[in-house]
Structures are given as C-alpha cells and as structure tokens.
Amino acid sequence: MLTTDPWEDDHLHEECGVFGVYGADGAAALVALGLHALQHRGQEAAGITTFDGRDFHTHRAMGHVAGNFDSDEVIRKLKGEIAIGHNRYSTTGETALRNVQPLFAELSSGGFAICHNGNISNAMTLRRDLVRRGSIFQSTSDTEVIIHLVATSGYRTLLDRFIDALKRVEGAYSLICLTPEGMLACRDPLGVRPLVLGRLGDSYILASETVALDVVGATFLRAVEPGELIIISPRGLRSLRPFEAQRPRPCIFEHVYFSRPDSVVEGNSVYQVRKAIGAELARESAIDADMVVPVPDSGTPAAIGYAQESGLPFELGIIRSHYVGRTFIQPGDQIRNLGVKLKHNANRAMITGKRIVLIDDSIVRGTTSLKIVQMLREAGAEEVHMRIASPPTRHSCYYGVDTPERSKLLAAQMNVEAMRDYIKVDSLAFLSTDGLYRALGEAKRNDNAPQYCDACFTGDYPTRLTDQEDVEIPDQLSLLAERVI
Amino acid sequence: MLTTDPWEDDHLHEECGVFGVYGADGAAALVALGLHALQHRGQEAAGITTFDGRDFHTHRAMGHVAGNFDSDEVIRKLKGEIAIGHNRYSTTGETALRNVQPLFAELSSGGFAICHNGNISNAMTLRRDLVRRGSIFQSTSDTEVIIHLVATSGYRTLLDRFIDALKRVEGAYSLICLTPEGMLACRDPLGVRPLVLGRLGDSYILASETVALDVVGATFLRAVEPGELIIISPRGLRSLRPFEAQRPRPCIFEHVYFSRPDSVVEGNSVYQVRKAIGAELARESAIDADMVVPVPDSGTPAAIGYAQESGLPFELGIIRSHYVGRTFIQPGDQIRNLGVKLKHNANRAMITGKRIVLIDDSIVRGTTSLKIVQMLREAGAEEVHMRIASPPTRHSCYYGVDTPERSKLLAAQMNVEAMRDYIKVDSLAFLSTDGLYRALGEAKRNDNAPQYCDACFTGDYPTRLTDQEDVEIPDQLSLLAERVI
Amino acid sequence: MLTTDPWEDDHLHEECGVFGVYGADGAAALVALGLHALQHRGQEAAGITTFDGRDFHTHRAMGHVAGNFDSDEVIRKLKGEIAIGHNRYSTTGETALRNVQPLFAELSSGGFAICHNGNISNAMTLRRDLVRRGSIFQSTSDTEVIIHLVATSGYRTLLDRFIDALKRVEGAYSLICLTPEGMLACRDPLGVRPLVLGRLGDSYILASETVALDVVGATFLRAVEPGELIIISPRGLRSLRPFEAQRPRPCIFEHVYFSRPDSVVEGNSVYQVRKAIGAELARESAIDADMVVPVPDSGTPAAIGYAQESGLPFELGIIRSHYVGRTFIQPGDQIRNLGVKLKHNANRAMITGKRIVLIDDSIVRGTTSLKIVQMLREAGAEEVHMRIASPPTRHSCYYGVDTPERSKLLAAQMNVEAMRDYIKVDSLAFLSTDGLYRALGEAKRNDNAPQYCDACFTGDYPTRLTDQEDVEIPDQLSLLAERVI
Amino acid sequence: MLTTDPWEDDHLHEECGVFGVYGADGAAALVALGLHALQHRGQEAAGITTFDGRDFHTHRAMGHVAGNFDSDEVIRKLKGEIAIGHNRYSTTGETALRNVQPLFAELSSGGFAICHNGNISNAMTLRRDLVRRGSIFQSTSDTEVIIHLVATSGYRTLLDRFIDALKRVEGAYSLICLTPEGMLACRDPLGVRPLVLGRLGDSYILASETVALDVVGATFLRAVEPGELIIISPRGLRSLRPFEAQRPRPCIFEHVYFSRPDSVVEGNSVYQVRKAIGAELARESAIDADMVVPVPDSGTPAAIGYAQESGLPFELGIIRSHYVGRTFIQPGDQIRNLGVKLKHNANRAMITGKRIVLIDDSIVRGTTSLKIVQMLREAGAEEVHMRIASPPTRHSCYYGVDTPERSKLLAAQMNVEAMRDYIKVDSLAFLSTDGLYRALGEAKRNDNAPQYCDACFTGDYPTRLTDQEDVEIPDQLSLLAERVI
C-alpha cells in the first residue's frame, strides 16, 4: 500500500483544534467554518456540541469537517446560539467515535461538554484513582479525566468544581467547555497550546488560531493568557486567574510548522517568522547554488526568506498535487519512490543540471527526505543542499503533539553528518536554537528561564511527566479493554 | 406514511432477549444464531460482547441480527469462547446506539459487560442518587444503574459488589454478565422474565427461551430459578441464592403472546397452552359459525384449539405477507385500510358470505382489530365473531414490556359491549382470568398468592413501583440532555 | 456459510412480478404497494418507471421493494400519473443493476420502458442477429431483445413496430410498456404467465396477480387474455388480437406454488385449489397417522385440505421464523442441520412420539426435505409420511421460472421409492397429474390438447426451444463480456 | 450554501484526462496512479476498464480517483495487463454513472471500451441519424456516437470500422480504446487535445500529460501526433495516418491553465512557459509596487516570472487551504465574502499598507476576482494592480472545455477599463495575444495559419460547429428523456 501522504508520516502533528461561539445565530455553522479553517490541526475526526437553552445537541464524525458538517440537515439539528467544536488528530490506533470530542457528561449540575487541545501528563495516574473510587470511563481520552474530576469534586458550584479539577491535572490544555450556565475557556498556566479571543458583532469567539477568526469575519481581540480562565455568560465575559502565576512557555513548534502561515501566534505573524527563519538559515549556512526550492508547502515561506536573503532565485522545483488520497495499491516492483510522487513530483525541466538548495521545515524520521532527494536526483539535479528551518528534533512531546518514539527520531539516533549521509545530500544544515529564537525576535534562548517550550529540540520539559514516571499504572488502564468493532 | 406492521403497533411487546455461551469455539457465531431465534423479543437493535481471555470485543448495531451479525468479518473480530448477546425493543424514541446492550464498563476489577431483560422499577431514583455522588452515565438505560451500583459498591470482591447492587434494585431482571473471571447470570426473586440453561457439548448456554437452545442444537437442562445467581467460570458452574426467598410470579403474558410457540416456558409447551386457551375459549363462548379464522400468526394456535374443540373448520381466511417493510407512502385518499392490507389480506374467495369466528391473542388499542374486521366485511364476510385468547388488557406493565399508557388501552376505557360496538363485530368475548389459569394447568387463580404476574390484566403488581411514586425525580434525569444527531 | 432460507434453495421460483397504473395521482406509490404485494414473485431487485407527460423517471434498486421504494424522497421524484414496476428474481449470477427492469430506451418515437414476466426462448438467436446488424445491448436480459426489435423494425408507427417485434419472439411474456402515447400491455398467445386488469376509481391497473389489486383497493375486472394486446391512452382502453389464435396453456405451477393463496388465477381461488389438492392427496394416498403437519407456509393450505378430508388433526409441528437473513457463519462442527433450523424449528412438545403426515408442495433437489425429516426425527417423531402436493418435478422450465438443470432435479434422477429412501421417510407419495387437473376442476388432463403448461412435470413444452436447439450461438453472446464491479 | 471552491467556478475547465497501459502486471493499479496524477483534468467521476485476454472488467464511480480506486478489493477485480482509464469533468447537470467513461459496448467483433478527451462538435446531428436507424443510446455522452458509428459501419474489420467512424466525426478527440485485439489510440487531425506516449519496462503507456508518466516512473517517448492512429497489439506498436494531413492547432489554454506545471506539452515545459508569460506581462504592463502576490496556485508560476523580471519581491499574500469541501451553510448575514475565505485567506500581516501586483491566470466571470480584491482591501492593502496571464477570454470552447455561455464571460461583455471598474482594482492588464505566442517561443501569432487553437481568445474556431448550426435537432435528443433517480 502506498500513501499519497508520505509527508504526513514525517512530520510532528498538532493533535487538536478548538473553536467556540457564544451568542450568535447559526452558531453551529460558524463553528463548522472555524473548524474547517483549523483542519490542519487535526484531520481524523471532528465534533460540534451546541446548547439551545434547554438541550445539548452533538454531532461527531470520523473524517474531515467538510463532508461531515457542511450539510443543511446536520447544521439545522445543531440548534442554539452557543456552540463548541473540535478537530482531532489521534495519537493511537484508537480512533473510535467515543473518543471524538466534544466529550459530554450529564452532571448533577446539568450537561457538561468539553473540547481540549493539549495533553494531560498525569491522566493515567488520575484515571486509576478515579476508577478505584467507582468512576466509569466512556473513552480512552485523557480529557475525560477532567470531567470525572469535576463530577466527583467536593466543591459545590460548578465553577469551583472546574477549578478544583484543573488544579489536579498537569500538562498542557487549552479548553472550551459548554454548560447550561455559559461557556468556560481556560489555558494552562504555561500557555503551551494557543487560544485566542475574538468578537463577531455581539458574539464572542474562541479559537486555536487567528486564521479561524479571519475565516468567519471576526475581529481578533487578544490571546487568552496562560493561566487565564474566561467565563462567558448572559452577564458578559469575566476573566479569572485561579492558578499561581508562572512564566509562560508557549510551544515554539507552532511557529515552525503547526500554525497556518496566515495566523498571528503570540503576537508574531507566522509567515514573517518563517521567512525570518529562512533568512537566518541563509546567513548561518550559505551555499553557492542555482536556485532555492521548497518542499511544498511546509518549506515555502522559509524558502522565500532564504531566497530573498541569499539573492538566489526561488523556484517551484517540486510540484504538489492538490488531490490527496490515503493509499494506493503498489502496482509492481518496477516503480521506485512511487509513494512520494503521488504527492510531490519533480519539475524535471527546471531541475535538470541544477544545484539546488532544498528547504524543509524539519526532519522527523527522515524517510521521506530520503525519497524526495532521490526523486530530485533522478530528475537530473546536479547538487542537493538541504537546509532545515528548525533545530534537530531529538525528543518526544507529551503536550498534545504526535511524536514518534525517540528511537524513530533520526536526530536522536545520529549526528548531522551521519544524517547527511543517510539522506544522501551534498550538504545538510539545521537552524541553530538561538537562530530560531532570533527569528522570533528574542536575542537568544534564555537557558535559565526559556521563553518557549522547546522540549522537542532541547529535552527541557516544563512540567513533571507523572505518567512516564509512574511505573505502577496497570496496562489495562491505558485503554478500555473493550474493542468496539 | 403507512406502516406495513400495523399489528406490531397493537401488541404488547417484550423488550429484550438475552443469550450467552460459556466455553465454545465460535461463541460469537452461536450467540448470533441464538439471538436470531430470539428476534421476536426485540427487533430494534442487537449487540454481542465476547471475551478472549484478555480483551472484550463488542459489536452493536441498530436493526436485526440478520444483516448485522451474519458476516464473517464481524464474527471473526468477536474473538473468544465466552460471549453474551442482546436483542432490544426500545420503549422510547431514544434508540441511539449507546443504549444498545451489552453495556460495557471498565471497572477496577476489569471489564464488565451486561445484558438485561426486564425493567428496574426504581432506576430513576437510584440514578439521581448516583449522579449526585459523581457517577457519569453513558446511556438513558435503566440497566446502566446496575453497573454504577457495582462500580461504587463498598464491597471488595466483584461477586459481593454484584449481589450488593442487585439487592438495591427493584423490578424484573434476567441478567447475563461477562467478566474476566467468568459469566454471571441472575433472575430476579419473582422470576418475572424467563431464563433457561442449556448444554452444548462442554459449553453452557443461557437463553431467554428454549427455542434458542433448539436452534443451536443445545440440550435444555432447566430454567434458571427465580432468585438464583449462576456463576460459570473455569471451575465450573455454581448456583447461589443471595436473596430472601419469595413466591415466584413469572409473567403470564409470555404464554399468551411473547414466547415463540415452539418454546417450553416454566415447564409448559407454549403451543399446547395456546391450543388449550383456544379450547377454553370455545367452551366459554361458543357460537354458531362456518369457520374459525386466526389473525395470523399470533392467533393461529388458539384458533386451531378452538376449531378442534368446537368442530368448526379451521381456515386461513386472512393471508399474511412475509415481506415486511416499515412504512410506505400513502398514495392518495381513495384507498382505505391500506396499511393493514400490506401485511394481511383477506382471502376473499374463502370469506364471502361466511360466518366467521375470528381469533386474536389480545386487544391493546383496538385500532387494528377495527381495520381487520372492516377488511373482512369488505371481502364479503356475513358475520364476524371475535374471540380473544386472553382477558382484557387493562393495565400498564413496568417490568420490561412495552405497553401504551392506560388511556390508550381500549379495555381500560370501555367495557366489553362498548368494545364490541367500537370494533364493529357481531359478538366479542375475552377469555376469563380463570380460563387462562386453567389452560396453564392450574385449577384457578389463587387471589391471595397468584401463581403468575398478571398485572396487565388485574393491576395486581408484585413489586413496589418506586419511580412511579417518586414525584421528586427531576425531568432532566429521565433522559440525557444531549441529543446525539 | 448457512443460509436461513434453505427452503428457497429447494423451490422452483417465479422470476418476476409486474404492475402498472394508468391515470392516478401518486401512481408511483401505488406501484410500490403493488410490487410489495407481488414480492414473492421476485426478491432480488425492483424498479419503477413513471411518465409525467414530458419526462420519464426511473428508480431501480437491488433488494426488496420495502426499503427501496418506501421513502417519500424516492416516491416524490417518480412524478406522473402513469407508472410501471417490476420485481425481479435473477436466474444467473448476473444481478447487476443494468438488468433490473423496467428497461428503458430512447427510440426515435421517444422514450420506451418495458417490464416483462416470462422468458423469450429464442432471445440468444435474435440477439446475435441484432448485434451483427449494429445494435448495442446494455444488459444481458432477454427482454432487451424486444426493445431492439422495436427500434429496428421497418414499420412506421410505434404500435406496428411493437407488434412486429412480438411476432418475432417465442416463449412466454406478460408485458407492460410505457410510452409517451400511453401504456401497452400484452400476454403471449399461450398465456403462460398471468396478467390481470383492474380498476381503481378512474384509473386502470395491470398486475401479475389479483392480490396486488386487493392491496391497493382496486376492483378485479378480468384477466388479460392470452394473445391480447391492450392499449391504454387518453382515449381510453382498446383491446387488440394481433396474433393467430392458439389454445391457451397457462402455467399450472402458479396454482401449486407461485401465486399467493389469496389470489384468483384463471378463475380459481388459489387457496381453494390447494385445499382441493390436499383432499385429492388424502384420497390418493391415505395413511394411518396422528396428525397432519405442513412445511410452513408453502404446504399449509394443502395440509388443511388433507386434514379435513382425512379427519386427522391439523397441527403446527414445525414453526417458521419470521425473521429471515441470508446467511450466518457456521459456528463449529458440532451442530447439525443448523441452516434448516434458522428458518424452521420442530415443535418438539407436539411431535415427540407421534406419527406424522408431512405435507409439502413439491420436491426439487430434495436436500432440504432430507433435513426437515431429520429434524423431525431428532425431535422424537415416530413415523414421518411425506405427501407432495404436485407430481414429481422432472423437467426444466424455459418460460421464466428458475429451475435447476435436470441433473439436480431429484425426480429426474430416481423413482419414488428411491426418493423415499433418500429422504428417509416411512412413506412418500406425490399427487398424480390427473389428480392435479381434478383439483383445478378438470375431469383429467387432455393429453392431445393439454389445458395447462405442465412441462415441468411432463416435459411437454408448448413452444419451440430455439436457443436450446441453436448450437451455433457463440458463448460471448450469452453474457456481456464486461464485468462491472 | 457556500462553496469552498469559489475559484473552481471562475475558471475554464478541462473536461477529461485519459490514461492507458498495454502489457504490464497490475495494469489497473498503474492506471489508478496515472489518473490520480491527471485528477486536475476532471474531478467528478473516474473509471477504469481492463482486459484479461478473455473478459473486460470495469469499475466506474462518481468522485475522485483516490477513495474509489485505491482499495485492494477494487484493483484486484480489475484483472489483466491491459487497461484504460478516464477522469471526467461534467459539463452538464447530467453526471449519472452511465455517462462515466470508459464507455463499453459488446460489438459483433467482441467488447469495445473507449476513453475520450475532447468534444465531438457534430455529435447531436449524428446521434439523431443513428436513433432514426434503430440505434439505442445508453448515455447522453457525445462519445457514445463513436461506438454506434463503429457498430453500424459497413466495413468488415474493426480497424476499418473505427477509421470509418472517426472520419464522420468533427471536433476534438484524444481517444484510447480497448479491444480484444489490442489498444487503439488516436488524436484528431488538428491535435486539439494532448496525448503522449511513454514506456515503462516492456509496457507502453498513453496519457494526457507527461506528469502521469512521471508518477508511474515511465519514460516519455513522444507526443502522439495530430491525426495519428496508434495500434498496440501482441505484434507491437504500429502507427497509421488515416486522415488527410492538416496544420495542427493544439489548444493554447493547456499552457495557460489546464496542464500541470510539471508537464511538458508540445515540447514546452509548462512551468517555464508560465514564468515566461509572467515576464512578458511584467514587460508589457509594469507598475510600481511593493510586492507580487499570486492567486494560489494557478497564478504562482506567472507571479514568480513577473517578480524575477520586475525585481519586486514575490510574497504569499494569500494563503490557500488544503482542505476543500464542496459547500458550507451560510451562518448568517453578518459575514461577507465568506465563501472565498474558506479556500483563500489574506495573509493580513503581510498585506496591510502595501501596494500589490496580483497575478491570476485568467478572468472568466470575474465574480471571484471581485471577492479576492475585496478581501485584500479589507486586510489593508493600499493598492491592488491586477495582471492576467492570458488575453481576455471572450468566446466559448466547443472542444471539450467547460466554458460558461458568452453572456457570462466578463470579457465578452465589457472592455478592460470597464472590467477594472467592475473588479475594483487600481489597474488591470491582460497579456497580449502576441505576448502569449512569444512566451511559447513563437515570434507572433500567424493570423493566416495560427499555430494554436486560441478560439476562446480570438473566436477563430478551427472546425465547423455543426451542432451549433443545425437548428433542426429536436430537444429530446440532447438528453435521454429518462431521469434515473
């Protein structure tokens, strides 16, 4: 079987996008549009829950937003002026519908729906304790832990129970919740995953990225701040700070790859940061060549920045197909590198006899870099110099990003020279960590108090990794023992 | 819209059938066959859960067993030698997949799957208390209460927790549960709903009716007794009596209509009881006529008994279609009684000019009796004398049978003469209560200690009806406030 | 794989039912109801074509009428007051949608839709000639030959072309066609397959059987006569006799099995004929026994007739399941005769220790008779005497009935005593041919000019069998060489 | 309803892509890959027919190649070493499966399958004559005319009949046909639509574009020449010239928009031609600005060429979403230009306060140009100067391209200044016709004998337009009168 998405296998992946609307006609339709704009943050499943003042309405589906949430029939049933939605990229084989968010529970206070971008790093430990007390889980999702903590909290009001629950979880979370009393949104104290606030007429909008505000025509107000809890109710918007203040450490990889280039993340234009990265890369590791070629589309802004800084022409040496399927049958042994060509094809007439600077955003396993380079060589490229728009990816992420285990990360296994040899390029260079911070407008990384979470590059994790340490958690808790077929 | 199943609307309905296999190759395939044989006990949904010694495997589907559980692909994934299954007839509009049994939960003791035939008559009251304590329900099913009671029980072993849970529920239940330690089966102390035990080679089989044993080639061992708890594990079969002894009161309607005529229920052949009912009816309310005609197929055995006792010929004056759909579009106003004819058509050549004794098992709303009689008249019947093979159905059932509210029960609204007038028959007679007991081999009903639950005829309910009395239960608890679309 | 329809495999099968409506509001809905009532004549596929005065609208689907033609959405699109429909039972593996009728073609005279019950016995020969002349076939159906003959006829008017086409075909056909000028219906000169005419308000109805008239509330006017061509147009109904007169020979098996018992075929009540058959059988081959048991439902009317004539009690010794699927997975080797039990189960309590007269309508392969008898013996029957309500089926049908090849017909391979031995019954008797004619009200079969087509019993075919004789037809013509997957 | 594909509505569209393989293991899998690479030439439906030496196997489906032709199950059934396939972009509402190619017919010579890129401009006239003679059409496709001409030709051999048929058709066709004797490929005498020949090991490959050869790893041999008929059989490849020689006039729009940039068409790299077009445009209509922004992706190569020639920076001022659905529900009135933003979003941080040269390949209706410009203005662009990489599109195409009628073509309704005003840009310029010819390496257009078909720009059609002239064709012939629902 051939995947037409070879690149997808060789990237880190954001696991989720969230979007919420408070107080708008056709709230569900707005959420569908917002989730469509956030589709790059999670492609496996999507869901929307609305509240019409009396009932909650939910639709969840495997697959993309388009195709599942674009029919009049579905949207009409999602009644109400308050709505939240979620795109999911699954980290495990378990992609059953019951893990698709929004998760919902009927609490003694009424319905409670939740969307979560991030990952609770002590979820297994908490789950084991909850099950011992008699809680019954519906899913294998770490997010469900939050609901059970709310349900079993000793506090009285829903808000107190919610804060009580959040104080017991560790890790990364940007949350949007729907209750009969209003919408709750919260970003973890480190602000690892993004969350922004916008306004559309009289409605409030919450979204993972500003691009989702643009698409629905909303105005960007501000980022939800790390550690901030926002309550939107008929009485308006309130902001609380229930956690002890901490130095924020937002995820640096949002700028490298996760976020869309037309988003503004933590005050920076993603496109301009990526161009600045390309310029840094041109300065750090210049090379004599005929043209700069991006791996489309993830390498394109950095390649434009590299070309402008170096004076080399920017050329589309690789053409990307817009028609992507999951897999094709391998027709026979005679065809090499077929998978890669389904998505990317060498622009042979442009490439032959040329010395190429090839720009990509990162190297994860390296398997597809290898194939791309081989494709360029077969198309007649004379030299291929690879430049990577981030430092080597050496560590797994535990905050809501799908990373292969360390043994699969090429940069965790070999040094740059060995990688160059493996990928079979004439030269290979990565951006330096300080170069990355410079592109973000910092002088350099502050090693004592890093400005960002860069654990995938440095191994410097900003929280405890309780589940990783807790050797006691029995296997049966890691997944429901029921396989629904 | 026309239903081709007009009869179905005018019968009481058993809500469930259960079937379990312990220790057989291809256990899931056996359960599929058993459920197929029990399809008459629930047609809206079905499910099977298996245990392979490590994992539980579940498949649930809306619709019939055939079509959902007959593919090699489905059965092959339901691995293991232990399996339980369930047919569901829904009482409410809420037929979402999450209510389809077996229900499953991951308890601290491991997986726990449950199939339930019956109805917990204090479920709402228990649910309210559990939610207040922090339990989160996945379904609107009364059965889920049992699981949460097990999960939150203060006892240590799973068996003790299970018994503790059952002691807190009221009502009717024939249960089969699957746990990593073995299979648990239990019948409530009154034995309202049936449950039988069989043997197939080295395996044990549990089923709602003996017909399901026949179909898989199993030998009938005995009925599970009222109040008996059976544990089947690698150590063999054990029988416990955890409840205080009570006088059993099995459901009398199983003999009238629910069970298949080829089953043996509480020691009696259903077919022979129904023939005896017909004979009683012929003696109690004889009439001069040309032939005895059953409403097929529910009235057929009683009509044969009536014909043999009376000496009148038994004739198929109404022909039933074997091809049944749910609904058809009404083509126009010119057609009367169309719905009824889709399923039953008068055998005009046989009927014209004849005096007919028409036999049906019961009258619920009376709407279709009315249409059938009109159809016979339009086909030329000279006289129609209706004879009903049970007493008037005057009361709702709270033990797992789908009954309309009392205001819809014809016999709760009018006396027999008024019913005769409404249905437009020349004469109408019901079987007497004592006649029904006689057909079952009793001298008469023992009014001080009735041998059966006959509440639908007499209003004499054998348990408290806590949820009916508890006016405090808030509406929001009766159904999840989330509508999954 | 187990079929739950073992019986279906051991019956001759009518291949089609047809139904037409001229001039009624909601014509498509009426056709859907009519086809539902004729579902027993063909279960594999169904189709409806309507004409709204301008356009033809068609829906075809694999499967039953219910489920495919009962939705408002489908019926609403089938606009117009004129409509025809067809149920199909396929004779070959080729059940692709393009063979599902009504077939449609755009002729120079406009659209032309056709429904056909029967079989053209020189279709292959005609097809070969048409293809040589440049005609391109869309299907492998013999019916399409008629359309191409109309399209290429040298005559000018559509009516003349239609008659020209029919004069060139041999075999059996009851046709209903839809054209912009009106509806055409025709029955072959022998009248092998049935076709009746009815009236509903101002509309005309055409149907394979009277039961379909009953279901839509139409009045039965008369049978379309053998060799009659009916034209229904805005000018009313006209009847033509375009063929040379021949002695009719309608199919005798319609009375034995194909037609529904509540239909009237060629002036006889099917139910009463079958009872008369049972009575003949009781006289021809009486036996001392305890009860008469039908194989349900095909043997039931004959069993009632046998019981009434013999004085033995009629009993439901075998119970038929109403829930039928196609196949189930065989769970293991320990279970014998499983397939048969899915559909029919012995009423053990009734059977044990009894001497049984078992009535079925016919024996085709004998495989399921064998299993039924074994099932009765395992349930404890002391003696089983089988009585068959027709003569031995020894010859294939070429007129629209699905018969196995002769080598599979049990009665073509052995005599009655050998069959008795094979089926393992205590005695076996078939109805005599004259007995069958007597049940139909004839004194006896007129061997010089038989009153019916009884070729399946006698081998006396009423037409030439051109395709059987024409050894020249190349294989490639028997089926399209394109397999559409 | 909002389409996420607003652009698609405002482009001319190639209607088809074709691909054939002769003599390779897994031929169907190769065709699936080739069609995937040609998906941009037709997105509504796809089909593959294979020949295994005995039978033809076909699968057709609405939708993309991926999703329909990537499963092992489908490909395994498409047996054989010879295969042809087709992508279809429908011009009318009629997209029923029976119009999906390959079309297939059983001729007297055996099976015949055909794939066609182009349009027969006298199809209606020929069809009317064929129907009058008795031919029955299965589809509304112009391509089916060719099959009936072959079927009814007076010549004897299949090859002669095929040539006879082609001599009677007018218009544009690149054909690949499958017969039991081998594969036939043919390009019309003008060579309007492209067709290329490649080699993969011992197999021959035919494809609409070279990119499809690249993807399967085949070597590009040469273009099939205008008027050339190629026969590939077990005896090898033969080339015939059955038509009178004509001056070729390949479609010039293939270079502007239809073909993929990584294809080589008529000897020119499409990417390099488009860059040359951009450079011509920069020379013809220079403007002072801050950056060059393409409408992605169709304007990108020309924008790179424009930027390189002008010295202005190339920037991604508009970001294209990779996740495309068909439609979304409009959530309310407050949101303007929503449709356009689902697919393209302004890169606000880059755009604000800037003077932009906006490059697109063509303007058809102008509706989406209007919206894009408005989107850029709302994002803060100071000036927008639109430059179009082709001359004004003023005429419909009758050779297999989906063009709106002339009244919908903006350039047919107004001059450039009026268009500038309508689209609301600061300046607007189109490429000159001679500029386009220069980018293709010609000195200028030869008006006496134009080197290309440029009728969409000039109205100079290279063939008769018989169907347009023939006022006699009755309406009923333009579409089958049967609507299959």
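All chains are identified by letter, namely A, B, C and D, in their written order; residue positions are counted from 1 within each chain.
Rule of thumb we're sticking to: contacts are C-beta pairs under 8 Å (C-beta built on N, C-alpha and C of every residue); 3 or more make two chains touch, one makes a residue touch a chain.
These numbers were taken from a predicted model, which means no experiment stands behind them.
Within the chain touch network, how many edges lie on the shortest path between chain A and chain D?
Each step joins two touching chains, and the minimum needed here is 1.
Averaged over CA atoms, how far is the centre of chain B from the centre of chain C? Could you give it in whole Å?
Those two chain centres are 37 Å apart.
How far is the middle of chain A from the middle of chain C, if each middle is the mean of its Cα atoms, in Å?
Measuring from centre to centre gives 62 Å for this pair.
What is the distance, in whole Å, between the centres of chain A and chain B, each centre taken as the mean of its C-alpha atoms?
Centre separation, chain A to chain B: 51 Å.
Name the residues of chain B that each touch 2 or more other chains.
none
Pick one for the touching-chains graph, please: line, ring, star, complete, other.
Looks like a ring, each chain touching just two neighbours.
Taking all chains into account, which pairs touch?
A-B, A-D, B-C, C-D
Which residues, counting only chain A, touch chain B once they are in their complex?
49, 54-60, 74, 77-78, 104-108, 110-111, 113, 131-138, 147-148, 151-153, 476-477, 480-485
Mind listing the chain B positions that touch chain C in their complex?
Residue positions touching the partner: 1, 4, 24-27, 29-30, 32-33, 36-37, 39-40, 43, 64-67, 69-72, 75, 200-201, 211, 214-217, 260-262, 264, 269, 271-272, 297, 300-301, 304, 308, 313-316, 319, 321-332, 334-338, 341-342, 345-350.
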